[in-house]
């Protein structure tokens, strides 16, 4: 397709952006025309997303293309560039959009907050700005797109703006996003060099050509890490994430978690490997450490949530942490010149980006369906939904298994690659890092295992067991459009899990672009000998994994066992009530609640939480037990910052005490001090 | 010819409205004068674009790229403010807060104020510049105290005394400047900026440094630089909203323009970065202090008054840094700030009228009651907070990135301040726009056209700066150095 | 203030120096003055000194526009403004005593420091001055500073305004005596501004009194951040 | 290498596993009885048990979902696959490349997730209690097991199980302190994973202390049979794994029939000794309170990490 009609791939990308904007603008002319928006515009957006995915897929192996749009600052028009890295993330964006938009078409209801037309505009501006972020090739275009993305998603998050919590969530989100954006601005300020080039120095092309000294490149990297970390939810800038995701409508949560967080990863990769050339080893260690802490934190908190979207939000924090672990590893390898290993680690990062996008979008959409069917996000009021919404449940199970990092689904592949990368670290020429790495690997393993715990909780409490509320038997399964969105994303999960060799071959072009080498290419004939079936990134002796064989063997054994059991024994089943332990008054409320399921972890990781317990006394007529689990960081970092700000505000208020003599005194003292300075 | 109209029309308008300002159609007359002034300013601008800088009236008037765009901006904001004030003042009149005579005073002073600002911008004579600035103070003092309430009188009094004293320092600076220049240029042309600029290298540095300090403190008071700013929030909060809009949108700009003209001379004479350092210091201090002030405000207009201090601090900092990019950005920021801030005040004015209070906690849920006011305020706020794709972002982008290389020590301060400012302003505006509504209907249709005109322009400047405008900026930046 | 030079100065310069000294003295007197009417009289006396110095400079340098300046000074600062002030005080029934925020001796001490500071600042400039009136700039600066100090320390509106006007006087002295006068346009403009300002102030005083029942500016401390 | 033969061998391994696993469990139970001075059940008792369960009808709770009915098959399949991957009779099983050590941990995790989900499906308090505890054990046991593998991987430069076993089996006899640490950790993990004392008690009927048993409380008939069988397979897989990692001698490298003749008796012998040791451990230790279990497993986890560190510190110079 690209090139066929004389259009370059990048032209297609720009057309896609334009199309999304056009769809958005098309919506505000009929903001209340519900069928038009939900049955025409959203599906059209999904189609455009699909187109984007296809075009980006085709562009993965192409040489970079550039383009200049007549927008932006004078002397600094919008520079766009499509290289493999952008193409990969654009593909991710397109693929997820295809699923999420079609889901949104079915999901949209009339009654929610902002007028549907306005919401449609915001949504498509969000999409377009994400695409522009990925295409931008100068600092200004990047920042404009970056902040437009934050802004449009903020409006989407606060769709239901009459609820104070949602406003608060949106506020926190935009605030952290903005502070992060300023940090990015400063990062680009460093990257532009000494300013000789004037405004034209802000193009990425110029930045690539500059070699910074260790101090400035570290400063740039640190600022970038802060800025992108704020968007990604890296500790300690994660607090907005568990607030904003539940507040947003589910397709938006899916979009934010699945795709928007990845733009931050894209940014780190862009700055860390493309714009800066020589990573220092301690960047890697710092990123690795931060990533680990984030991952562990995320999963530990996910385990104790009782709001299903908050749980997923914390799980996103965990996954972001894992991504940063991979990035840190890549940086470390790269700084020691071990490019093949860097490529391995980077491949795991990129792979996990795709995986997380697929399964987390899927899971958020699942929560959306559940939310619509039951009107509640509270896990304590759900249960047994597998009987009422089987489609959602079974597709959700695929997402859950992927998310838990279980073979043969997609989450496992990237985890596997990451652990493989860790196993090579003893080759590092630095003693301390060498010792640190096993500990880090252990932490990654622990995180992965805890993710399983979390996902079991998520799925089991929502879909299994008995309905905890009577009205749950009214729940209906997802509609056709919703269902097709879910199926699409679930299919992505399965495909990514079963055919890793294809994917890695495609990812090679990205690692080649960033690191100069790719694992598929470097693996050599031996590793490729088994073809598409066996994933053996280094050599088959070293490690290999064949998901298709894996899945087939399991299925064959299951089928064989089933047939044999049926052949040789009877298949009698007696349906009766569950065993009640001799206590006949069993009710659905006696099942484990979400809190109950998380309780062991709460106990094991007690120091990590800030818990306030409200215990009933034995004389209470209506005993109430309540436990509130909060984040220490909120109290250790954010509230003190708020307090310091407030203190500062109180201090400066002394400047404005209303007395004119004092005001005159200020002028006077200013004058005298300045004169004194000048004179002296 | 165009020039005569630019200065003459508002002067004439001021006189005419002094007689007719209480008529029923006075607001339309006011708008008409402003419109014609705007047209004349556009014509003047076109002429300058075509023919380059011009000296008129025995070199007393000088129009160059630096001031002509400010002239155009002033005329434009003056015009849109007159459009806004038409329904606004009528509603105030209907609510019984203003009598017809006050309206007459308002209309007349509004035109005179425009006149003084245009004069301050276009004059070539540093003395006249001073006179015009003082006159601008005097006209606005009467506007600030228009409601004659205790608070407005207090605000006007403080404004008058503080700016009067400040401007007196500027006069002393001007005298010192003259003292230095007279020896080089002789008696007659010693205060003409064009001549001063030509010989700035020969001016006595010691005197010039003193002069600059006095001028900076003097005009800086009008700019609202911390710690000379104390009049500003009071005046913004207590005056009628159109006045707040022009104070923030225009007066501060003009005062800053005066500072910049002085800085050019000081830079030339001192052969050091003293002026720049001082401006950066004041700029940073203003940004920091103003942003911390923001979080405790209860009055919405006061809030945005402090926000103006913050933005003037940013611009001052940018000019202090100097260099083509920073000066360019400073000029751009002046433009977009005055457009955005006046738009915000328009929206805030109607919001306050709808809710019958300027207190933030009593304004809630605007977007439900009147979506245009709500969206206007929301978008304006986001724009002023430096959210792209609005133009404020463009200038902040350039300023911050330049600062990162030129003055890296300042960037953490800017980062913190901008963050604090964002937290404060957005935290206050969000529940005003969203949330459960408290607003009621107004007797007259609010004028939201000016708001969206301004925001549209600001949006355009963020995404695309017309080439001729960019060229202006560039030339002006070159002048500033 | 190098002492050796005094004797070599021409007569005009000596007169101007004398007048400058008187101006400074008057400024100090105003700083110390407790009664409002005396304050106005002192202000008038400053006007006279200004008029005289301007006239002397005009005669010495033979610049005709300075005569106009002198005339304006005379009309404005010796007759018109004191008259307006007197009228205001009578009409508004202002109490005659002045309350200060800092006690007078302290104020005087600060004033003294300010004078030394101003002289010190002006020293290098005076050394450069080609005019006959070398040290007047320092005195003018000192007068401005003292007036500033007076504004800071007075707690009522009228004395504050007088302080403001005294500051204007210092400036005017700097403009005429130190630099032999600014261009005529500027001086006219300044004079006009001062006049208009005074009128507006007059209007203001009435409004303030109407609102607050007093001209004590300590009533006007409502607008603040706390 | 003869492909047909290797496939047959692979199948043989599977069949061996399926048959030997209940035997191993029976052996352990016998040893336990002897050590506890009780009359031992016959060695083949477990087969009878399975046969009986397959005969029985399934009593299904009314609100059981299809997940509940499918889970036993999947759990069984996972365990069967695991025992195929673990090198028992040969270091090069044809299925070897399909899954390495990490994937093996993944298989165990998959089975665990299925059983936990199934345990929660009916929605009784014991099912959820068991599931929750099972996941609690799992989240520490899994990384500990992974770390044990990692230690072995670091020594052998591979995560492929066959390469590991080859490398460990053919190394000169040298003292690997890291493997000692890893061995202890592995033993602790195995105890926990196989629902053994001191973490769980496979023979308990006191619901409150149950873990694994509580989770499968609602299963009956053929479903229960499959699950029980899977549990024995798990024990078998773990035992073989431990033997392969720490006592790899005797597992032949090739796939020849002659090799098999050596391999089979060696395996039987090692399993017998291993089973006895397991019974011995179970007999001499007391069951831990459930919240001591994380500490127990935490220790195992730490030991496994230490093993890696020790390897890096002491053994990398070679």
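Per-chain residue numbering starts at 1, and chain names A, B, C and D are given in the order in which the chains are listed.
Rule of thumb we're sticking to: a contact is a pair of C-beta atoms (placed from the backbone, for glycine too) under 8 Å apart; a residue touches a chain by one contact, two chains touch by 3 or more.
Everything numeric in this text was worked out from a predicted model, so none of it was measured.
Q: Across the interfaces A-B and A-C, which one involves more C-beta pairs in contact?
A: Output for the comparison: A-B.
Q: With chain centres set to the mean of the C-alpha atoms, which chain is at the far end from chain B?
A: Greatest centre separation from chain B goes to chain D.
Q: Can you compute the centre-to-centre distance for chain A and chain B, using the mean CA position of each chain? Integer Å is fine.
A: 43
Q: Can you compute the centre-to-centre distance for chain C and chain D, using the mean CA position of each chain? Integer Å is fine.
A: From the centre of chain C to the centre of chain D is 99 Å.
Q: How big is the gap, in whole Å, between where the Cα atoms of chain B centre and where those of chain D centre?
A: Chain centroid spacing, chain B to chain D, equals 77 Å.
Q: Starting from the mean Cα coordinates of chain A and chain C, work out the distance between those two points in Å.
A: So the centre of chain A lies 69 Å away from the centre of chain C.
Q: For chain D, jot down the residues that touch at least 2 other chains.
A: Residues of chain D touching two or more partner chains: there are none.
Q: Can you list every residue of chain A that touches 2 or more other chains, as numbers and ranges?
A: In chain A, the residues touching two or more other chains are 652-653, 655-656, 660, 664, 667, 671, 675, 679.
Q: So which stretches of chain C touch two or more other chains?
A: 121, 148, 151, 160, 217, 220, 222-223, 225-226
Q: Return all touching chain pairs.
A: Listed in label order, the chain pairs in contact are A-B, A-C, A-D, B-C.
Q: Quick one: in the complex, what on chain D touches chain A?
A: 54-55, 57-63, 65, 67, 73-74, 76-78, 80-81, 84, 95, 97-100, 102-103, 106-107, 109-110, 112-113, 116-117, 120-126, 128-129, 131-133, 135-136, 138-140, 142-143, 146-147, 150, 153-154, 157-160, 163, 207, 217-218, 221-222, 226, 291, 294, 301, 304-305, 308-309, 312-313, 316
Q: So in the complex, which bits of chain A are touching chain C?
A: The touching residues are 652-653, 655-661, 664-665, 667-668, 671-672, 675-676, 679.
Q: Okay, in this complex, where on chain C does chain A touch?
A: 101, 114, 117, 120-121, 145, 148-149, 151-155, 160, 217-218, 220-226
Q: So in the complex, the part of chain A that touches chain B is made up of which residues?
A: Per the touch definition, chain A meets chain B at residues 70-75, 139-140, 143-144, 146-148, 150-151, 158, 161-162, 164, 167, 170-171, 174-175, 178-179, 182-183, 185-186, 188-190, 192-195, 198-199, 202, 219, 645-646, 648-653, 655-656, 660, 663-664, 666-667, 669-671, 674-675, 678-679.
Q: Which part of chain C faces chain B closely enough to touch in the complex?
A: On the chain C side, the touching residues are 63, 121, 124-125, 128-130, 137, 140-141, 144, 148, 151, 157, 160, 164, 167-168, 170-171, 174-175, 178-180, 182-183, 185-186, 189-190, 192-193, 196-197, 200-201, 204, 207-208, 211-212, 217, 220, 222-223, 225-226.
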